[in-house]
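The first chain written gets the first letter, and so on, giving A, B, C and D; residue counts start at 1 in each chain.
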């Protein structure tokens, strides 16, 4: 299942921010590129050293400024380039996402995926799937900042 | 003076909100009252007063001033002001009513604050007399008569009827708009209530509250008093007192980058906050003691000094009820006053 | 009780064991009590008070007081001792500069709950076992004590002092509570209902920062929300987003550190049930990472600075509760 | 305010094919801080780099943004360029508009729009960049090689020859690895032992090489240039330095019923043993699982017969801690287990053997002393069937998807050796394809077919069934003549797929080196950095990186050695300057950051600060050791006050990128 940007699947073009760790997921994204694996252009990647660098404030900031979905990608647990980073990221995001959900903010808009440097295909598939989920949810109303709407 | 049976009050609400926005105190579900725009079925709160004061309507917590748009490298300035609609504030108590005249002294004296001015012009205030004041009330100390509130129209509730009296022309005009449902009434109907309330006021714990010795002559003596340190020692530096206060009028101007434009807005500031009066070189008030002192010196010394003796407080008692550590103007006045 | 404490305090001062005593100062009314520092017996005699309205958790003041010259004695209620321990753990309080006097607590009353029944003009409150006789300028009435306790006291998590140098009154036990009931109730709601609930509550926020400034877990030298360089600084909630932002980030920052002392809810001028945010964090930590009570001892590793290889995946949670 | 130059690369048509590069350059002109924005076919080329250098000088730029391929590709290149022009390399950022844009989007307007956004994000970041100066850390001039096979030995020898000290850690009692078990090597057919054992001896005798045999890596700490490794020396109950390897103990040992792993269990050895004659070190080892003395305390014969008194039943596992500058993984491979391939009756008949077992059978020192006989009855086989790709190129999920690479050649070797020594045999080889890329490989294979009449049949064997009189009924299909074949064979040899040694997985975790889905170590770059792991200071040698034959292994071993030498030759390493730092004014000293730091880079100091009321207060604040910090950022998020921030990836920078993307 691929969402080809030229196809007519949806009129709604979401803004999706993907935080990728430099060692696994960003490399995975590059591999997806090397293999010409298509995923929506709505996904824009921000390169970080590690998934444990993702501060909840970045995620909320993205939603504030108009993002419709935020996904965090890191090395598989156990494979972190910094040995333990993604374990902390996992706990933090568990608490944060649960808190967002508790406030009634659509849970589908946030996601954590472990993508290794060898998993270009998984990266593309993940992004396609996430984009589709976000498109289904429609524009982010509950955690957006009205002032940032165009 | 004219009256209306409370049974028909919602008819009155309807008539007013037909061509104006009507706001009145309603219970907010958290056991307290707050001003809400009237919709059919809404009834006025029984609470003595609202948590947030009525100043919000003329001096809102945040207010957009102007937008900047960047096209490439040139900046376009957009005035975002929209023509304000007429509105009516119903059920304002005497203390809040007086607070408007205090705010006027700040915002309407040169240079005139056009944002505030426009709101004042579009707003009509219907005040309501107090009959069961709280132990935290001390408005009388500032020459306010809660039984006979100021405003554009004053009103009294007395056994099943509500009595109105237009004070200002604006009030008269508004009152004309619902004359049809009012009946004739005479002053005597509310006289007993007035005397009753005044009696109660005299019995209140804070009835003896006075500000003897706070004149501007005492400025330096008060400013240098060693008691400030002790009074402010456990102050948390939160903004509760300033934000529930009907007369606090300090604000900060900030920019917010929305991504496609910059919004310049002003929002309430609090002298209790760490960055209050922070300037490029730093902050002249560094300790909480200095910030704390500023608030009370302003209300009790500086303000009267610049406004022929009128204090920057109306004795509504909100800060007494809401301060997390119950350190408030009553205690300060007591400690620093002559008595 | 109050007299014994007063006695003990002045003795400690006279003996020179401590230079200052952190306690509560009587106000104009029976309930408007101010945390205060006493330095001599005379002041104690005048102002020192300990009654059912001494809700303030004094532990946070020790961040500053313990860094001043000399030693300070402090009166801590059982729940306050948890905050104290947590602050010790985070090196915010210098233990050897503090003399902790644990004091018995039968639950503290909430004046606003008393007034909620339309009682006005309170001039005096006297307690007899479970009833308060409330004298007002309009006459006197009775209210049931248990109905007007502070939220945190209705769900008292512990009557045990986890730390003290000496004890006045008896030490109690850790309590079994249903303090998570409301959290569960919310979890079971649909996402829309939850959203509406929190909009309704948080939209009242006036950003007075009382919750943060009173919170013993919020002892940052400078809070990110006050720091212009943090990129999230903000004085007013100019948009509903900022109401959410402020409370979400605060809840996240205190996750694993919040002892559930309930001060945030007590001081909120708008009566926002902020404890429900923190308790969600506590409940999640208990469920996902194992039971943990912050402040119980100052050695335990905080769950947010630890992990196990088998931790839940953020994607796999949300199984409970409505959509 | 920065003065930023934007340089958009066409990458030939790689980018320009789907991204309107001139439009991108044009659109980015009006971004805050941008003073020049231009495009060029190949920014990474010399003339491309000159454009950048000139622009930096001409407009005295304070920052640069390159819209090009992935930073993982050319960030280093362009940072060097910046430095050459006198611009701090960390004032340059890359917008990845190839891998993450032009290559994945087909539609030009879409790809162009995305490229512009990515460019804007990079510009927003650079606007907040600050010049960073890389710190330095020392290099321990000693290398560790994990695995003592031909790969490990060769790497160690080359490093040692360059004058650096090397330690080899080998988990079995002797070095030599798989090659030691082989009989002959293709395509030259010279004897494996004859070329390997001299190298083993050389390694043992080299003054720069230290061999930890019968040892394992227990723990790895530190980072490039400064690793600290804990090595577990397993108790062999024989004093290594004293044992002469005379073998008397082995003769006298009463427990002779231990399956001999060196001969893949095709014969037995004693409980105290030396794996094979040329073992290095030639030292006996007691197998604690079988030694009656160690198990019941009754026996002790070996101790009695040992004239050197080398036996020590009380020996314990020993832990040694060593410091290294570089680590080479050379953990090698194993044939896969054949449980998923019961159709070949491996478990049912002893006459169905793996190629490695066949290798031992042919070997003069093997279980049959080099005589070709059936393991089951010792009778000389006449019909032998070889089956290739057993578990290789297997998409069914039972085996491996990859080609094990060496099977085609060693099967040809086996067939040829068999026919040469025993002309009376009939040899069939079933294959999917015969792959013979390599010097003299195809000639070798053709000799097998043409000179030695080995029957090569394109097709897969469906079933091998042992019959009553010990024969093996082989059912197969000939895809060329398209007919079913039924061969009655005496022996079947399975060219079993190879897989990385099981120990590699746990090692990878210790080294924080990444692995692919088959548990082969991944290289830093498939083409340009084939012998380096993405983790700095970790290098790859031999099969642990992927299937290869001996010549390839040896050359890769050499390559890895050169990389190690290149590293150890340095006196200092410039550290990554993108490290955490703590703002002492904001730090609460709460210790949260210290608890999440995987490198122990954070310590606390008591420092005097002036309070707002001008009094002095002592506060406990965090300080980061820049040489130890690796810049993961775990501390920055655990810090509630935001005192901890990460240079190069600061909160403000990341939020600026977020803003730019969401704009």
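Quick note on the criterion: contacts are C-beta pairs under 8 Å (C-beta built on N, C-alpha and C of every residue); 3 or more make two chains touch, one makes a residue touch a chain.
It should be emphasised that the depicted structure is a prediction, and the values quoted were computed from it without experimental measurement.
S.K.: Could you name the chain whose Cα mean is nearest to the mean of all protein Cα atoms here?
M.R.: If we average C-alpha coordinates per chain, A lands closest to the whole-structure average.
S.K.: Of the other chains, whose C-alpha centre is the longest way from the centre of chain D?
M.R.: Ranked by distance of C-alpha centres from chain D, the top chain is B.
S.K.: Given the two chain pairs C-D and B-C, which is bridged by the higher number of C-beta pairs in contact?
M.R.: B-C
S.K.: Between chain C and chain D, what is the gap in Å from one C-alpha centre to the other?
M.R.: Chain centroid spacing, chain C to chain D, equals 55 Å.
S.K.: From the C-alpha centre of chain B to that of chain C, how far is it in Å?
M.R.: A distance of 30 Å separates the two centres.
S.K.: Measuring centre to centre with CA averages, how many angstrom lie between chain B and chain D?
M.R.: Here the centre of chain D sits 73 Å away from the centre of chain B.
S.K.: Using the average of all C-alpha atoms in each chain as its centre, how far is it in Å between chain A and chain B?
M.R.: Centres of chain A and chain B (C-alpha means) sit 47 Å apart.
S.K.: Specify, in ascending order, the residues of chain C that touch 2 or more different other chains.
M.R.: 222, 224, 231, 238, 304-306
S.K.: Residues of chain D that contact two or more other chains, please.
M.R.: 596, 638, 651, 655, 659, 662-663
S.K.: Would you give the residues of chain B that are in contact with at least 2 other chains, written as numbers and ranges?
M.R.: Touching at least two other chains: 256, 259-260.
S.K.: Using the touch definition from the top, list the residues of chain A that touch chain B in their complex.
M.R.: Within the complex, chain A contacts chain B at residues 65-66, 145, 147-148, 150.
S.K.: Help me check something: in the complex, which residues belonging to chain C touch chain B?
M.R.: Listed in rising order, the residues of chain C that touch chain B are 27-29, 31-37, 56, 61, 112-113, 116, 118, 120-123, 136-138, 200-201, 204, 206-210, 212-214, 222, 226, 228, 234-238, 266-267, 269-272.
S.K.: Enumerate the contact residues on chain D facing chain A in the complex.
M.R.: Chain D reaches chain A through residues 70-73, 96, 98-101, 103-107, 110-111, 113-114, 117-118, 121, 508-509, 512, 514-517, 522, 534-535, 578, 596, 598, 630-634, 636-638, 646, 649, 651, 654-655, 657-659, 661-663.
S.K.: Along chain D, where are the residues that touch chain B in the complex?
M.R.: Chain D reaches chain B through residues 30, 32, 612-614, 659, 662-663.
S.K.: Within the complex, which stretch of chain B touches chain C?
M.R.: Interface residues on chain B, with respect to chain C: 28-32, 34, 46, 48, 51-52, 61-62, 132-136, 200, 203-206, 230, 233-234, 236-240, 242-244, 252, 254, 256, 265, 267-270, 273-275, 320, 322, 324-328, 330-331, 334.
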